[in-house]
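Alright, structures below, take your time with them.
Each of the next two complexes has subunit A plus one more chain, namely subunit B in the first and subunit C in the second.
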Partner chain A sequence: MRADARLLAALALAAGALLWAVPFAWMAVASLRPGGAGAADLASLLPSGPFDLANFREAWTSGHFPLWYCNTVLLCGGILAVQCVTISLAGYAFARLRFPGRNLVFTAFLLQLMLVPPILIVPNMRTLISLGLYDTLLGVMLPYFASAFGVFLMRQTFRTIPRDYEEAAVLDGATTLQIIFRVLLPLARPGLVAFAIVSVTAHWNEFLWPLMATSSPSNQVLTVGLASFTAGAEAGSEWGVIAAGTFLVAAPLLAGFVLFQRQFVSSFTFSGIK
Partner chain B sequence: MRLLHVATIGAAIGFGLFAGAAEAATDIDLFFPVPVQGKLANEMTRLVDVFNKDHPEIKVTAVYTGSYDDTNLKTHAAIQAGKPPAVVIMSANFVREYVINDEIQPLDPLIAKGGQTPGQFMDQFWPALRQNAMDQGHVYGVPFHNSTPLLYYSVDAFKAAGLDPDHPPATWAEWLDAAKKLTKRDGGNTTRWGLMIPGTYDYLGWITSGLAMSNGGQFYNPDYGGEVYYTQPTTIGAVRFLDELVHKAHVMPEGVTDANAVTTAFFQGRTGMMVLSTGSLSFVRDNMKTPYRTAFLPRNLVNAVPIGGASLIIPKGNSPARTEAAWTLVQWLTSPEIAGGWSRFTGYFAPRIAAYDLPAMKTFMSEHPDAKVALDQLAYARGWFATYNVIGVRKALEDGVQAVLSGKATPEAAMAEAQKQADALMRPYVEQTALKLPQ
Partner chain C sequence: MTAGLLLLPSAVFLLAFTYWPVVQVVIGSFAERGFRGATHWGFGNYARLFADPHFGQALWNNALYAAGTIVPSVGLALLFAVGLRDNTRLSAALRTLVALPLLIPLVAAAALFVFIFLPGGGLLDWYLAKLGVASHNWLGDPSLALGSIIAITVWKNTGYYMLFFLAGLAGVPQDVVDAAKIDGANAPQRFFHITLPLLGPTIGFVTVIALLNAITQVDHVIVMTQGGPSDATTLLLYYIYQQAHQNYDLGLASAATVVSVAMLAALSLVSLRTLERGIHHES
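For the complex of A and B:
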C-alpha cells in the first residue's frame, strides 16, 4: 500500500514537472529553429533540424544585453544586500524584543502585503523625484529596501530558534548585534536563502516598475530591454527571436538553479537543531 | 559578519554609481511605445540619432515606454510626479483625456509662430485625423503614424475555396459567406478557419468599434468625453455578428486570440482572412510567403473604420526652452520626408498628405497595392473612441466582448454590463460637466 502511494505521488509529481517544463522546452527548441514568423512546425515541441544560432545572433544584436545583464545584476544584488540587513534586524525586533504596540506595528507591516503595487507607482515616483533619484537604478531599488514578506519570514525563522543559543551568547558577553549576526543569522540561513530566491526571482522578472522609474537607455534592465525589441501590439512577432531573447534573459537564473540546486533544496530542509 | 560586509559593499556600489543625472537646458526626452514589431525600436533610435546630428543645439533621448497603455501610465505618472516628458508618441485617442485632466496645453501658440492658424495647420493632414488631434478648435496632438483596421486575405485560400480574390467580401453577408467557404474541417478538427481577429485588450475594442461604425453606429459621442453607446442596436448588432461567426457559423475560433497568434495562423494558412491594423502591413509583407491582398473592412450598412495609431503630444509643465525644442522635434518627425520614410518602414500610413507627393513614396505606392487600399479606406475613416478614463472604459467593453467570444455571456447581457461599468468610470467627469447644472 505504501509503495503504491509513493508511486502515485511520484507519477503525479512527474506529470507536474513535465507540464512545467513544456514552455521551457518549447523556448529552447524554438530559439534554435530557423524560419522566422511563419514556420510551419512552429508549435512543434520536437526538435527538427537543421538548427542554427541565427535567432540568438539577431536577439543579441537587437539589444544591449551586456548592459542589461549588468543593470539587472546590480539591481537584484543591491536590493537583496540591503534587504538582508533590514529584514534581519526588523525580523529580530518582532521576534525577540518586547515593546509597546509590537503586534499593532507588525500587523501594519503585514497589511502592506495587501496593497497592489501599481497604485504606489505615482507616490513612489514623487518620492524618487524629490530625492533626485528618478531615472537611476538606486531609485528602482529604493521601494524594495524594506520587505514586509521578508520581515515576516525572518520573524518566523527566528522564533523557531531556541533561546538557549542567545542566552549562552549573552553569558559569553556578546552584544545584541553580535547575537544577531554571529548566532542567529547563521542558524536562520534557510529562511534567508529562501527569501533570497524569492527576492532575486521577483526583481529579475519585474517589468512595470523599472519601466516607470527609469528613462535613460543606459538604465534599462533585461525585461524592459527584451520587451523593447520583441513586444508588439499591432503586429505579429518573430517567435524564434522572442524565444532566443527570453532564453538569454532567463539563462542566468536557470543556470543558478541548476548549479545550486542542492543548496536550494537543502536550504528548505536545513535545521539548526539536531 | 561577512553578510553585513557584503550588504554594505552592495549598498555602497548602488548608492555611489547611480546617483544623479545631469540636465542641460535643451536636453529633451521622447517617450515612444513600440506598437508594431520590435525592429521599430531600433529604427526610432536611428531616427533620433539623425535628428541629434542635424540639431546640435538639442539633445533628444528616445525612451522606450512599452505598449500604448504602458506609455500612457508612465506619462501620467511622470506628469503627476512633476517630471513631464518633452514629447510623447501617444495613442491618438488618449489625447482627449489629457485635455480633460488639463495635462497638455494647446499647440496653437507654437503653430502661430510659424504663421499658421490651427485650421491651416491641420489642413496639412488627412481630414479623418482632425477628430482625435483637436479639441474645441485647438490643436493638442500632431498625428505621427496612423492606421485603420484592414481585412487581409490569402489569395491561395480564396482560390481553393472557389472565391474570387479580385472581389473580396464587401458586406457582412458576403463576409460570412466567404468565411464559411474558407473554413476547412477534418472531422471534428478545423484545419483552416474562415476568419480570425485579435481578441486582446486594445485591439479588440478598436475592431469592435469598427464593426459598430460599419453597422451605422457612432460607438461613442465624438463631441463629449462622457458617453459611450455600448447598448445601442448598432453595437449590439456588431457583437451579435461576432457571436454568430464563432458560435453559429463556427468560422472563427472560440475564445480570445492574441494578435501574434492571428498573424502566425495567417502565415501558416490556418486562417483564410484576418482583421489587423494597416500598421502591420510591412510585417505581413515581410513574413507572408504566399500571395495575400488587403481590402476594406466589410460593412453592414456603411463603410466606416476608426482611426488608430498615435499622435505626438507635448505635456504641460515643460520649460519654455524644452517646449521650443520639443516643437522642433515634433515638426521634424512629422515632416513629409520623415513621416513618409517611417510609413514605408512600418506600414502605417503617413498622416501628412504631402508625404505622398514625394518621388520615393510614389514609387512605393505603385509597387505596393496593399498600401494603397489602406490609404483609400481613409475616405471612410472616423475619429477613434476617446473618453474620460478611456482605457478603463475601453476594457469594460473588451471584457464583455471577450465573454461573448468565449461563450460565457449573450451579447445583450455582456453589453449591458459593459455599459454599466463604463458609465461608472465616466461618472466623475459627467457629474462635473453635463450634470452640473446652475442651482
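For the complex of A and C:
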C-alpha cells in the first residue's frame, strides 16, 4: 500500500516535470519541421521526419539576428564591465572600512533591489532624454551600472577572505585600489563569476526597459527584436519560423545552463535577486 | 574619506536612476497641465487616477494575478523540490526540465505560448480536442485571458523558486529527520512537522520575490494581449506603460508610478531583512 502510494507520487511528479518541458519540446519539433507542413500537424509534439533547417534560414534572413546578437552582447558586456568596477569598490568599503552611517547607507543601497528600473520607466526616460542618451545602447545600460545585489555579493565574498593578504600588501606599500584589484579580486573570483551569470542572464532577457529607451531598429536587442519579429510572423501564421526565432534568442543561455548547471544553480540561489 | 570615494561610483548611478527618479515622479504626480500649458500644483492627477475605471481594474487584476501566480508557483516549486531532491540521474534530469524556463526571456516564453493558446489549431486546443474538449479562445476571452497569463508566469517562475527550496532543503539536518523516522513519524508527518517549519524563512523569501515579480514584470502582457480583451489583463505596470507610451499622459503615469513605488516601499519595509537573509542563505 505505502509502496504503491510512493510509486504513484513519483509518477505524478515525473509527469509534472515532463509537462513542464512541453513548450520546449514543441519549440524543438516545430522549428525543425519543414515550412510547408500541413496545418493540422502543427501542434503535434511527435517528431516525424523529414526535418530541415528552412525555418531557421527564414528566421535568420527575415529578422536581424546578427545585429540583435551584437547589441545584446554589447549591452550585457558593457553593463557587466562597469558593474565589476562599481561593485568591487563599494563591496570593499562595506566589507572592510568603518565609517559613520555605514548600515544606513547599506540599507539605502539595498532599496534598489525593490525599486527596479522597469517601475521607474517614466522618470528614467526623462533623464535619458535630458542627457541626450535616449535611443542609445549606453542609455539602456546606465541605470544598471550600480548594482545593489552585486555590492551585497562582493561584500559577502570579501568578508570570507582573511585579512592577512591585505596586511602583507599594506606593508609592501600598496594603495587601496591596488589592494582591491590586485590582491582581493583574484581571490574573489567565485563571487564575481556568480554575479556575472546572474547579471548577464537578467540583461540578456530584459525587455521593457530596452523597448522604452530605444526607438531605432539599429538599437534593438534580441528580446525587442523577437517581439517585433513574432508579431510579423504571427500575422502570417508562420509558427515554425517563430519557434526557430525563439530558439535563436534562448539558445545561448540554455546551452550555458546545461553545460555549467552546477555553477548556474549556485549563482541563482546565492543571488535571489537579479 | 576613502569610503566615500569607493562608494561614489555606485552612489552616482543609484542617485541618478533610483532615488532621484522617485523624487521626480512624486513631484511630477502633483504637476497638472492647465490651460495654455501652464503648470499648477495639486492632487488633480490622483483625482483623475482614482476616478479612472481602467486603473481600478488594473489594481484588481494585479491582485488576482499576484495571488494566482504566487500560490501555485510557490506550492509547485516546493512539491518539485521535495520530490526531486535526491541525487539520482532521473531526478537531476527532471529538475533541469523544471528549471529551464527561468533561463529564457519572458517575451520568448510569450512567443511559445501564443501558439500553445492559439484557438482551434494551437497546442492546447489540439490536444484537448483529442479528449473531446471544445476549443477556447484562451487569450481572447475576457474570462480566460488573465488565467492564461497567470499560467505562463507559473510555468516560467516555478523552476526558479524550486532552486531556492532545494538549497533550503539541503540545510534541513538529516539527523532530525532520521530521529523522527525512528520515532515512527510517517512521511507526511515528517514533512509537515519538521521540513516545512524549517523551510519557513525560504518560503518567506521566495514569496517576497514572487510578489516583486508580480508587480514588476509585464513583458508577456505587452507582447500577447496588450492588456486586453476589455482590460482583462491590464496590470499596474502595464497601465503605467500605456499612459506613458500610448496616451502620453505623464501626469497620470507619474501618479500611478507613485502608487506602485509606495507598494514596493511597503514591501521593502516588511521584507528587506528577509531578502538580506535570503540572499546569502547559501553562504
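Keep this in mind: the second predicted complex is superposed on the first by the 205 of 274 C-alpha atoms of A that agree within 3 Å, B and C clash if a C-alpha of one lies under 4 Å from a C-alpha of the other, contacts with A are read in each partner's own complex, and residues count from 1 in each chain.
Going forward, a contact is a pair of C-beta atoms (placed from the backbone, for glycine too) under 8 Å apart; a residue touches a chain by one contact, two chains touch by 3 or more.
The model shown is predicted, which means the values in this text are computed figures rather than measured ones.
Once the two complexes are laid over each other on the shared chain, residue contacts for A:Thr246 go to subunit C alone; subunit B is not touched. Within the superposed three-chain model, A:Val151 lies in touch with subunit C and out of touch with subunit B [touch as defined at top]. In the superposed pair of complexes, A:Asn219 makes contact with subunit B only, with no contact to subunit C. In the superposition on chain A, contact of A:Gln261 is made with subunit C only, not with subunit B.
Legend: residue contacts after superposition of the two complexes on their common chain; A:Val122 is shown touching both subunit B and subunit C. In the superposition on chain A, A:Leu208 makes contact with both subunit B and subunit C.
Of the two partner chains placed around the shared chain by superposition, subunit C is the only one that A:Ala10 touches, whereas subunit B remains out of contact. Shared-chain residue A:Leu104: touches no atom of subunit B or subunit C. Using the contact criterion defined above for the overlaid structures, shared-chain residue A:Leu171 touches neither subunit B nor subunit C, since it reaches no partner. More residues of subunit A are in touch with C than with the other of subunit B and subunit C.
Residues 40, 42, 85, 118, 121-122, 125-126, 207-208, 211-212, 227, 230-231, 234, 239 of subunit A lie in contact with subunit B in one complex and with subunit C in the other. If you check the complex, the residues on subunit A that touch subunit C are 9-10, 13-14, 16-18, 20-24, 26-27, 30, 39-40, 42-45, 85-87, 89-90, 92-93, 97, 99, 102, 105, 107-127, 142-143, 145-149, 151-153, 156, 160, 176, 201, 204-208, 211-212, 222-223, 226-227, 230-231, 234, 239, 242-243, 245-246, 249-250, 253-254, 256-258, 261, 265-266, 268-273. The part of subunit A that touches subunit B in the complex is made up of residues 36-38, 40, 42, 62, 74, 77-78, 80-82, 84-85, 118, 121-122, 125-126, 128-129, 132-138, 141, 181-182, 185, 207-208, 211-212, 215-217, 219-220, 224, 227-239, 241.
Within the complex formed with subunit A, the residues of subunit B that make contact are 1, 3-4, 6-11, 13-15, 17-21, 29, 33-42, 45, 61-68, 70, 73-74, 76-78, 80-83, 85, 147, 202-203, 259-260, 262-264, 267-268, 276-277, 279-280, 283-284, 287-289, 308, 347. Residues 2-4, 6-7, 9-14, 16-22, 24-25, 28, 76, 79-80, 83-84, 90, 94-109, 111-116, 118, 121-123, 125-127, 155, 158-160, 163-164, 166-167, 205, 209, 212, 215-219, 222-223, 237, 240-241, 244-245, 250, 253-254, 257, 260-261, 264-265, 267-268, 272, 275-276, 278-283 of subunit C touch subunit A in their complex.
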